[in-house]
Structure formats: C-alpha cells, structure tokens
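Presented sequentially are two complexes of subunit A, the first with subunit B as partner and the second with subunit C.
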Partner chain A sequence: MTSANEPIIQVNDLHHRYLRGTPLEVVALKGVTMEIYPGEAVGIIGRTGAGKSTIVQHFNGLIRPRERGKVIVDGMDLADPDIDIRALRQKVGLVFQYPEQQLFERYVGDDVAFGPLKMGLPMDEVRERVREAMEMVGLGFEEFKDRYTFSLSGGEMRKAAMAGVLALRPKILILDESTSGVDPRSRKELLSRIDYLHRTRGLTVIFVSPNMEDMAGLVDRIYVIDDGRTVMSGTTREIFSQPEKLVQHGLGIPQITEIVHELGRRGKVPPTTVLTVQEGKEVLWKILNSSGT
Partner chain B sequence: MEDFEFLRNITIGQYLPGDSIVHRMDPRAKISIMLFLVIAITFNISYLANIILLVVTFLFVIASGISLGYILSGVKPAIPFIVVLALLQLLFYGDAYIPYNAVSRTLFRWGWIHITNGSVQLVIVSTLRFLQLLFLASLLTNTTTTSELTHGMEAMLAPFSRIGLPGHELSLVATISLRFVPILAEQLEIIMKAQASRGAELGAKGKLQFIQTTRQVVVLIVPLFIDAFRRAEDLILAMQARCYMGGRGRTHLMTLKFSRTDLIAYVVVLVFSAAMVIFRNSFPF
Partner chain C sequence: MSEEPIIRVENVTFAYNAESENPIVALREVNLEIYRGDYLVIVGHNGSGKSTLAKHFNALLTPTQGDVWVEGMNTKDPRHTLDIRRTVGMVFQIPDNQIVATIVEQDVAFGPENLGIPPDEIARRVEWALEVTELKPFRHRAPHLLSAGQKQRVAIAGIIAMKPDVIVLDESTAMLDPVGRESVLAAVRRLNQEEGITVVAITHFMHEATEGNRVIVMEAGRIIMEGTPREVFSHVEELRDLMLDVPQPTEVSYELHKLVPDFPPNLLTVQEVVEEVCRRDGRAP
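Take a look at the complex of A and B:
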C-alpha cells in the first residue's frame, strides 16, 4: 500500500509497440515517465497519435509492460504476471475514448450493474451503487434502468458507460477523452460532479484530452506527451504559460489564457496566466474599470 | 498473461505492402495460380506429391519476401484444434483409410483404437496439405490489396455474367467480408477490454471453467453482432449517399495489366498442376 506522499502510479521510461513481432509493428511509446500522487487531478495532453490512450491502458493492466520500462500502480508492478489483476481493475476505473463502444448488456441498468455484480456484492448494495452512479452522470435511475442500451442516443450512451465505471467506486478514475460528444450542459455537469468527487472523497482523477479548455478548470498538474515521450510536465499554470512550446507539440492553450497573454504583451495588464473564464473575467473587469475612470 | 491484441494473430487477409515479384503480379494471374495449385493439392494423397507441392508453394513464399515466421504465427491459435483433429484421425480412421500404393497394415490395436500405416499417412499428408493451403491463402492476401483482389475477381467472373452470374456483386461481397475481418477483431478487442476493466475474468488466471467461458463468449458475441449490423447499415447508407449502383456501366480507376511474366507464371503453373493431377497415381510412395 502507498502512503500519501508516495506516488500511486509510477511510470518509468515506458516503451510499447503494437503488433509486436509482425511486419506491421508500430512503435507507440518511446519513453514515458510520470508520477501521479493519491488524490491528485492530473491531465495528460498531446496531439492525436501521441500515445495517450496507450499510456492509460497500462494503468489498469489492459496493456502490460513487456519491453523497457516499469509501471507501478498502488504498489503493484504490472510486469509481474502474478498480481491480482481484478483487484487492480476495481481500483482503477477507465472510461474509454469511445464509451458508447464499451456498452454490452441489453438494459442500461444491467450494464451499469455489471462491475458491482462481478465484485460479488449483495443485490441491495449493487442496486444502491447503480442508482448512485446513474444519478451522478445525470441519467435518472427509474427512467433509464430498463431502457435498451443500444437505443440510447450517443450522449446518453457515453453517460451510461461512465456510470458503469463509477459504479465500481474506483480509487483512480481515468477519463480518456470520454467527454467529447456530450452536449455542453451535461458535460459541464459531469465534470463538476467528477471535480466534486475528487475534492470530497479524494478520488484520483486522470484526465486525457487534446482539448486545453477541459483541462484548465479541472486538473492540478499536466503531462504533455508527444511522439510517445513525456515532453513537458508541470502545474497547469506553468504549462499554459509556455504557449510557444505547446504549439511546437501540436497543441494550443485555452482562448481565454491566450487573450490575457496578448493583453500582457501589449502592456494592458501585468503578464499573467489565467486558466478559467472566471479568472479571465476578473482581469478584463480590472482593465475596463481602470479605463472607465 | 492475457493479451487483447488479436490483430497480431490474424495473418490471413492482412495486406503487407511490398515490391516483390509476387506483389507485382496481376491479381487475375495470382487467383488463377492459386486455384490451379489448390486443385493439384486436393487430388494428391501421396507423400512424394505433397512434398513436391509443399516445396513449390514454399518457393512462392520465398519469392514474395514475406517472412515464414509471420505466416506460421497465424496458425498458433488454431494449433489445439489441429492437434485434436489429427489425434482423432490417427486413432479412429485406421479401418476407413486405405494407404496410397501400399497394403493396409495394423501398427497398433487396442479396443476401438486402431492405428494403421494408412491413418499415419492420413495425418502426415493432412498436415502437409494444411501447410500448403495456409501458404497459398496467406500469399494471395498478404501480397494483394483488397481492391486488386476485387477487380481481379470481378474481371474473372465477367464472362459468366451472360448466364446471369452477378460478378460485380459477388466480388463486392467478398471484398466487404475481407474488409470486416480486422474491423471485427478490433471491435472484439474493445469489448473484451471494456468487460475486463469492469471486472470480467477474461484471460485472468484460473482453472478451466467451461461453463463460465461459454457464458463469457455469449456476452461477447451479442455486442459484437450488434456492432457489425450497425456498421453494415452505415456502409449501406454511405454507399447510397454516393449513388452506388452496382456493376453496370461502372469504370475503374485502376486497370489491370496482364504482363509477360504473368503469362509465363500462369502457363507454367497450369502445366505443372495439370501434370500433378494426371500423374497423381504414378508416384512411388
């Protein structure tokens, strides 16, 4: 077990090749190093094809390190074939890139209940967890539990898939671009609920996205991945104060951050890096107020 | 340790870009040559003929530049099945199978089990044939792109359209089936990963539990089929949206060219296969 000041996930110089040993081999990871501490919210960003999904699939043992590099999650070395992989997967909940593809039961309620049932929990506990998880993502339990999974809309499918993972009550929640394609309001609600879990229950959140705006309000630290390597790391503010470097890696910064940077360059405000629209608003108000008088 | 990467095991049907003499051949020549050799393989049951055919197909593998290890790795998942089949043939086919050019002799008998020189021959020849067919099927699909394969088939079926055979549609069906193999493998990988990450015991360590395993397969097959149907519907819409009309009056971006090399290979293999069929009973053993 890990204590609070020891990383819960430790990745060291991780390498991975897809279709290993065939003529179609693809090198996906060429040296990823990161450390994630319990109760943190960490972002992993990088352009498409950088290797983000490959990294997070290592975290719950869907891909095992077989080449160079080490992955240690909650004290378990994932290269060791004898670890209890099911216990690991209960601790680490992974919502995939296309969550609608990970629904497989006929009814929404059954699908969400799959994980808790596999854990061997008593029925009333399973029901409770399903209800909680469904309400958490904004699917009414009574309304949706008996609906056909495959007749849901795209956005609803994503929510249902996320509920299925939340019902496991994981210690670590990984969202692999899982909120793209959800309408803005549900997305905001979903993110604020995850943020709430993170703050109140100490849930460790790993958020994968190519989109900076999502990251800004949610995560404390960011790792930037490019071409299968860790290329930048730091607090969200540190990362977003280096827009030139981010652009080099095929990324950008939130629009509001860019606006305030530009104002700083033109001498309208002291140079600052803002992360959220709220922070940006305050800076802009200050300018408006001072020019008004 | 489990591995969810199924595409690593699917080698038949996977095009491998290359520039070998086999890659450059006309698809019609390749399809014909394969058919000739398959016929020759089916007719020959003697050791010698099968060894000759194995050598010939192996020469094609060398000419294609595809690594033998890659082709053989496709058999790995099927090995338990092949072994069981071979054992059944070896133990129970003794009475039924008459050996080539020899008198049936009992090598071992115990109860129902009856091993003869015939059943031994059957097992060895079956294995050789299996390898030959594997080489041919891998070669054709590993060196030919799907579109070449379709055009080749369509061109070869065209003469039969007079008697009402829908050549274009048949080759379209074949193309779509080939195209769907890797897609289904990928989809299966996603579904298995989704279930595993929510606590299903796929590939986890444990005793052999047949009932458990069968139930897991059902849970995998249903979403896989639903996805396949959805993809098929999407494909229909996409084709209709682009005004797909079928074969009539359709021109092709790619035109096939039957070169001298193709002709020579075609004639040589035709003569060789015909000889193998005609002289199938003249091999000494």
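Take a look at the complex of A and C:
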C-alpha cells in the first residue's frame, strides 16, 4: 500500500535484454528511471524502438526485471518471484497498440466480462461492472452487449478492449499507443473519456505515444525515452520548451508551440511555451494588438 | 480541363456483401477525377469510405454500381486488371505485411522481377528507387530490423520500382513517429514533384493534407468537400462539426481572424503564420 505522497510506480535504473544469452540478443533498456504518483497522468514518449513498450510491460508483470534495476508497483517488488501476479494485473490495466487483438469472445458483453468473471465475482457484480465499463468508453450496454465482437468497427473494438480492462477497476491504466491509427473522432472521444476518469476518479494514467499533440492536453508530466534510457523528464510545458533536444530524440513539438517559439526567436514575444491553440491565440493576439492592428 | 483524367470515378456506389440481406453501403454515388501529376489527399474518419474508394483505383474492389476508369480501362473488365495494377501501385498502413524478402534490395527488386523485366533494367530501377527513398545506406540490411519509417520507405521503393503512374498511400504514415513520418512524406513529395508520379494519399492527419494540391473530405460514403487545402481548411467550423482536426496553424489563424477581421483565416503552415504576424507587427501603429 502506498500513501498519496509515495510513488505508486517506482522504476530505478531498469535494464532489459530480449533473447538474453542468444546470438539474437537485443538490448532494449539500458537504464530507465521514473516515478509515478497516485492520481497522476504521465506521458512516456520516444521514437519507435526507444523501449517505451518494454517499460510499460514491466508494470503489470508481463516482463519481470531479471537484470539490473528495480520496479516497484504499489509496494510490490516485481523482481520477487512470490508476488501475487493476479493481484498486480487487477491493479494495473494495460491496453495495447492493437487493442482489437485483445478481444476473443464472440459477444462484446462476454468479452468485457471475462476479467471480472476470472476474479470470481458474483454474477450481478460482474454485470454491473460490465455495464459501467462499457458506458465509460461510450459503448451503450444495451446496444452493444449482444453484438458480435468482430462486427465492430476498428474504433469500437478499441473501446471494447478498453472496457475489458476498465471492468477490472484498475488503479493504474496504461495506454500503449492505443490510439494510433484511430480516426480523430474516436481518438478524441477516447481521450476525453480517459481524461474524465482521471479527473473524477483519481485513476492513474500512463500514456505512451510518439504523438506530442495528444500529450499536450492530457498529461501533467512527461518522460522522454531514447535508446533504452530516460533522457528527459519534466512537466509537459518544460519538455515542450526544449524543441532542439526533442528533435535530437526523434520527436517534434505541436505546430502551435513551434509558431510561438519562432516568434520568440524573432524577438516578437519573450520566450514562451504554449501547449494549446487557445494559449497560442492569446499570445498572437497580444502581438497584433500591441502593433496597433 | 481538356486533358483526360488518369483515374475517373463515375457515379460509384459500393456495398460490402452486396448480395446478402444486410449489405453495408460504403460508397454512395461518388464522382471524382484525378489528373496526371496530382497530389490528392483523401481525409475522413474510419468508416467514411476513404479506403474503400482507394481500393477501387487498382481494381482491388470494383463498383457495385457505376464505373472506375484507369487510363481509359474499366476496372470491371478482368482483362485489364494486370495493366491497371501496373499503372496504380498501393502502399498500406503496416509495411511488414508488404515486405517479402530478407534483404532490402531484393525486396525492392521483387515486384519488377515478377513483371518479367530484364535483369539490367531491374538493377537500374532498384538503384533509382533506393535513391529516391534515400535507402541506399540500408540496401544490404534485413527489412525487419529497420525502423518503421525505413520499412515504410522499403515498401514504397518496392512499389515505385514497378514504375507505376499512380501511387496510392493508404494511411501509410499512421503508425510512424514524427521523424519516420517526415521521411516518408519527403520521399512522396520527391516522387510527385521530381518524378512526376501522381499521388493519392489517404490520411487522418490533417497537417499532411497540406502536402497535396487537392483535398477531398469523405463522410458516410460521400465526398462532402473538395478543393485546394486552403479552400477546404477555410471551412473550420464544418470540419470541427465533423470532428476532423484542422491543422493548428489554420485553427489559430481562423481564431485570430474572428478578432482581427483582415487577418487571413486560412493559413496552412507554421511559416505562413509567423510571417503574417511579423509583417503586421512591422506596421507601426
């Protein structure tokens, strides 16, 4: 158990190699350190192949730390072979990049119910959780519970997979690029629902993505991962104020941030980092006003 | 325009499971002409019909009603299928599904080999395709060990080595990080501007739509907007209602236009916004 001022996830100098001891060995993590506190929304960003997924797959025990470094989740040391892995997976919900690959039942309702049933909950409790989880992601319970899973659209499949994870009522929700390849409408819906859960229920959210625009409105803090290491960390605004460093790590900044930075370089405004179009508009409006237009 | 379109879509309606009791209508009376040298961007949500439309361009799908003509060949006529597929090459979202060989240059050569092209011509084409996609340093590498952006460029190189007149990119940048995406866009830009290949790009990244000379917006199986990027993106409110993104530079210029009526509402790039603000700031009060 952790209290509010103790991290719910603590990662210290984590190393990992895939296919360790074989000729195909790949070094994936070479020293990752991060701390995530209860109720935070944290972004993990980095270019393709940086090690982001390898990190978050440690958090629910899919990968166990066997080399240098420590991972502690809600007081459990994940290197300890005796920890209750099922208890861990109820606490930490992981939604993958292709959530549709997480679906397997014939009917949507059954798929969402799978986890709570395995927890041995009574039927009426399972039904309640399924209803709640489906409504949370925007799949109406009555409308969707008896639909064939594989007749859903791509966006609906992702919502169903997410509902299956939420039905476990995790304390921590990890989205591992779960919105890439989703169209803007579904993406906005999913992100705003997650944001709502984060704000109203204190859900801890870990958001993995290469896309900075998505991060801007959603997360409080960001860790940048490159080549298996933590290379930057700070508040979202601190991170976005270092575009040159981000570019070195294969990343970019939102275009609105870039506009205001460029105006700063040209001496039109003091150096400022904006995160949203709304903030950017205020800055530009001030410039236009002061010049008498 | 007097010139013949390279692809003409005439009144096309398409339904999946057209014969069944519950056909799913994906395209409704679509009309479209694509001209040689165009860089056409198709935007819309999942399920709006944009991929279905693209699959009509090389006869992967044929219309339930209406006709698609590629260089005057009707896609419904099976005698033309091979010629149509040589004319129009497709690149998909996940390059891994499209890569077949274990070495980059062999993968690029695979298509032209199957077309029965003489070996020295194949070698020339592979050189050219690797050059345009900036893959020469990786020619002897294994494709599955490349980054996602590099892999996508291998898939593109494999297609252009068959020398198609048109290349269709179906969300080919959706899974890439920003650097990978930019490398693919740069390759496509070169193909269009320097090699004269007609490009049709499907995307839901709105700022990629500014790459093209024409944009169409699809919704529920219909083309609901069409024009240059600047024309289309000046409909900020309508695009918002559709919950489509507007590029951030356009959104901010539109918002400023509401406050300063003579500020242009439809700037497309970071550079344009910066220049416009500086130009006005230079005007002394």
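Here, the second predicted complex is superposed on the first by the 287 of 293 C-alpha atoms of A that agree within 3 Å, B and C clash if a C-alpha of one lies under 4 Å from a C-alpha of the other, contacts with A are read in each partner's own complex, and residues count from 1 in each chain.
Everything that follows uses one rule, which is that a contact is a pair of C-beta atoms (placed from the backbone, for glycine too) under 8 Å apart; a residue touches a chain by one contact, two chains touch by 3 or more.
For clarity, every value in this text was computed on a predicted model and none was experimentally measured.
Enquirer: Looking at the overlay on subunit A, is there a clash between subunit B and subunit C, or do the two fit?
Expert: They fit side by side.
Enquirer: According to the stated criteria, A:F104 is in contact with first (subunit B), second (subunit C), both, or neither; which is it?
Expert: First partner only, subunit B.
Enquirer: Who does A:K118 touch here: subunit B (first), subunit C (second), both, or neither?
Expert: first
Enquirer: For A:S241, is the partner it touches subunit B (first), subunit C (second), both, or none of the two (neither)?
Expert: After superposing on A, A:S241 lies clear of both subunit B and subunit C.
Enquirer: Does subunit B (first) or subunit C (second) touch A:T22, or do both, or does neither?
Expert: First partner only.
Enquirer: Check whether A:I256 is in contact with subunit B, with subunit C, with both or with neither, and answer first, second, both or neither.
Expert: Second partner only, subunit C.
Enquirer: On the A-aligned overlay, A:N60 touches which partner chain: subunit B = first, subunit C = second, or both, or neither?
Expert: first
Enquirer: Tell me the contact category for A:L168 with respect to subunit B and subunit C: first, second, both or neither.
Expert: first
Enquirer: State the minimum pairwise Cα distance, in Å, between subunit B and subunit C in the overlaid complexes.
Expert: So the smallest C-alpha gap separating subunit B from subunit C comes to 7 Å.
Enquirer: Please give the residue numbers of subunit A that touch subunit B in the complex, ascending.
Expert: 18-24, 57, 60, 62-64, 81, 85-86, 89-90, 93-94, 96, 98, 101-106, 114-115, 118-119, 150, 161, 164-165, 168
Enquirer: Quick check: in the complex, which residue numbers of subunit A touch subunit C?
Expert: 47-49, 153-155, 180-186, 188, 210-213, 250-252, 254-256, 258-259, 262-263, 266, 268, 277, 280-281, 284-285, 287-288, 290-293
Enquirer: Please name which positions on subunit C make contact with subunit A in the complex.
Expert: Residue list for subunit C touching subunit A: 44-48, 93, 147-149, 171, 174-180, 204, 206-207, 242-245, 247-249, 251-252, 255-256, 259-260, 262-263, 270, 273-274, 277-278, 280-285.
Enquirer: Using the touch definition up top, name the residues of subunit B that touch subunit A in the complex.
Expert: Touching subunit A from subunit B are residues 1-2, 4-5, 7-8, 11, 14, 16, 66-67, 70, 73, 187, 190-191, 193-201, 204, 219-220, 222-223, 226-227.
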